[in-house]
Each structure stands twice: as C-alpha cells, then as structure tokens.
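Supplied in structure tokens, the structure appears directly below.
Chains here go by letter, A, B and C, matching the order in which they are written, and residues are numbered from 1 within each.
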Amino acid sequence: MRLSTRNQLKGTVSAISEGVTNTEVIISLPGGTQIVSVVTKGAVKTLELEVGKTAYALIKSSNVIIGINIQKISARNVLTGKVSSIIEGSVNDEVSIDLGRGYTITAVITKSSVASLGLEVGVVASAIIKASAVILAVD
Amino acid sequence: MRLSTRNQLKGTVSAISEGVTNTEVIISLPGGTQIVSVVTKGAVKTLELEVGKTAYALIKSSNVIIGINIQKISARNVLTGKVSSIIEGSVNDEVSIDLGRGYTITAVITKSSVASLGLEVGVVASAIIKASAVILAVD
Amino acid sequence: MRLSTRNQLKGTVSAISEGVTNTEVIISLPGGTQIVSVVTKGAVKTLELEVGKTAYALIKSSNVIIGINIQKISARNVLTGKVSSIIEGSVNDEVSIDLGRGYTITAVITKSSVASLGLEVGVVASAIIKASAVILAVD
C-alpha cells in the first residue's frame, strides 16, 4: 500500500474512545508523542483496531497548519520542532518540520503565511493538525 | 448553484445513520459506487435529506489522497480507476483518475508524491477521501 | 501565538452543543455572522470554552470552497461577499472575498475552478466551510 500523503507516522494504538458515529483513536509514536485521530466507527471495525496494534497516522500536507508559540488551540495535535526545509511554489510553499527521532512533518501553506510567520530553516515551529484530518491505516 | 469543488458526484441517498452531533449519509452513484459522508445533524434537516433523494457529494481536490494497492485504511471512500491526466504545478500537481461510467475524481497532491508513487497516465490508482471531507448538496 | 491559517476570525462563543466525541461550538462575529465549528470534546475542556468567551475561528485557505448562488448545501458556513483579489499560481489560485465590516476570507482553489466560475474582482461569491474544518483558539 503506497499513498500520496506526505506524512505517514508509524506507531501503536494506545487508546480507543468510542462515540456514536465517530471514534477517537490515539496513536503513540516511539518517544511518547501522541497523535489523536477521529475516524468513523465503521473504520475501527474494518481495520480491526485495538490497543497495542501497529498503525499508521496519515496526514495530508494541505491539512497541516504551521504555528509559532502555540498555546490554546482546539486542534488536538500540536507537534513542535525546527523548520528543516522550505520548497517554494507560486501560491503555496512546502514547509517541513523536523520533530526529532527521525520524524518529519510536511505542510503546504500559502507563501504569504511563510512570509508573515518569518519561517526559515532553523526556526522553531509547530505543526498543527485537527484530529479529524488524520487517517489511519494498518499493514 | 455553482461551486469551486472539482468533484461533484450526483447520486441518490441510500442510507442515513444519525449520531448525536454528526450523521453518516451514504450516496449511491449509478453503477453501485457508494460515497460515505459525515455531516452535522443540522445539515440533514436543512437539506431535508432522506433515503431516495437525489444529492451531490462534493469533494475539494485538496482533500483527495492518491494511493496505490490500497488495503486497510480508515478513510471510508476508496475509489479505484486509472490516472487520466496530470497537470503540473510548482509545488502541487493536479491528478485526475477516471473511475469509469463517466466519473472522474481530481486530486491536488504534492509533486514529490506524484514522483514517489510513479504516477502517470494509465497507472491504476485510488482516490481516497475521508467521510468528513465530503460535503452534500441538493438541488 | 501566530498561525499560518490565513483566516483568523475573532468573535464570541455564543453556543456550545455537546455530543459524545464531538462538540458543536458557534462563534458570533461582530455584526451577527456566525461561524459553526465542530471540535473534540477534549478541546472544549482544554480551551475552557464557555458562552461569552472571546475565541478565534481559524480556517485554512485550502479548506475554503467558493460558490456562487449557493442554496442547499451541508456545509454549515456559507459567507457571502465580493471577490476582492485573485493571486494566480500555476495549479492553484488564491481568492479573497470581502465580507464587509473588515472581514475577509481567503480560499485556495484550482485555477480551472476560478475559470469555470468566472471569478474576478467584484463578483459576488460565497466562501463555504465545513464545520469540521474550523479550528478554535483562545488568547
């Protein structure tokens, strides 16, 4: 299985909280970082998700927001690191953040946001991702 | 009503499963393909959705992921076909997949994903869409 | 706290409807416009959201759809104004809509949608945003 999502983080299911239509699933990465996802109840069944199972958190780069000095925000995933590369486009730029331990998150954001945030390689920044933007996959 | 969403699939509501805040609505396309959407409960009321009603599943191209040999994934919509066109940009490319029966799905994904997946016209690939990324409209 | 999201609308929490995993939160802007968001229950707690509190509705430009003559659509947020600028890219264009009272919404949509909708400065158009695409922040 190969996917276009730039961000594919391998971890272990560490918690499952069932709702009526949606279920919150937490994926723990080596090192303790947690990725919160909200998927449909049907998906939990199809993927046979259960605590301890290996799973991938897939995040499309267009769903990643970049922030600096993030405090109170509803998005459940705020992953902080250093900008490791910026690839320039005409309307959008592609910004990667090195989270350490070999993890990188890539975001596609508008050029004007790159400018207004003063993003450049080495700047400390956070990748912000809504739980509903995370897709889960299993082998 | 005219919309910027590149993907506007006309079908029939075939199932509605109510939750507390969200409701899962399935749109069946001619030929049997099903599109699963999750919308707010308020939207079901506003649109007067009910089984048998004609509705459009609207999917923004930036919310479409492309995959190859897709197996176990939480996204409820996996639509497989052949790449019919690739329009190149600077950071993003626009990739269309012909699903047959006149249906095409367009995705905007990063150039590096197009390269790493080896996408080119004629390659068999899947358009992957989270149920929460599908918007519904009625006439 | 600084963010890459192009759309950051400051308002007041006017309603909170709790679900099992998700909660619907309405932000009222000065002038009466309402932004509907769906966030996880955990986020409501973390942000200590309550009616009357000042909050920001954050919307990534890639999650904004542009429509003309919008009627029945499941997306809870339909904000109508006039196109105030179009910045051209290679695959995507950046389109801003002036909502009046100093509010502007920016969308990134494909060039072909800009063409097919006939968008140009001055055209009346709506920014359409799913409740699940809105992120909330507080100071």
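Heads up, the rule we're going with is that a contact is a pair of C-beta atoms (placed from the backbone, for glycine too) under 8 Å apart; a residue touches a chain by one contact, two chains touch by 3 or more.
If you're wondering where the values come from, they're calculated on a predicted model, not measured in any experiment.
Call it same or different for chain A and chain B: same when shared residue numbers make up over half of all numbers used at their interface.
Both copies touch with mostly different residues.
Quick one: superpose chain A on chain C by CA and send over the rotation angle as a multiple of 5°.
120
Just curious, how far off is chain B from chain A if you go by their C-alpha centres, in Å?
A distance of 21 Å separates the two centres.
Chain A: which residues touch two or more other chains?
Correct list: 19-20, 22, 38, 62, 89-90, 92, 108, 132.
Where on chain C does chain B make contact in their complex?
Within the complex, chain C contacts chain B at residues 17, 19-20, 22-24, 36, 38, 62-63, 65-76, 89-92, 107-110, 112-114, 116-117, 128, 130-132.
Contact residues on chain C for chain A in the complex?
1-6, 19-22, 37-40, 42-44, 46-47, 58, 60-62, 87-90, 92-94, 106, 108, 132-133, 135-139
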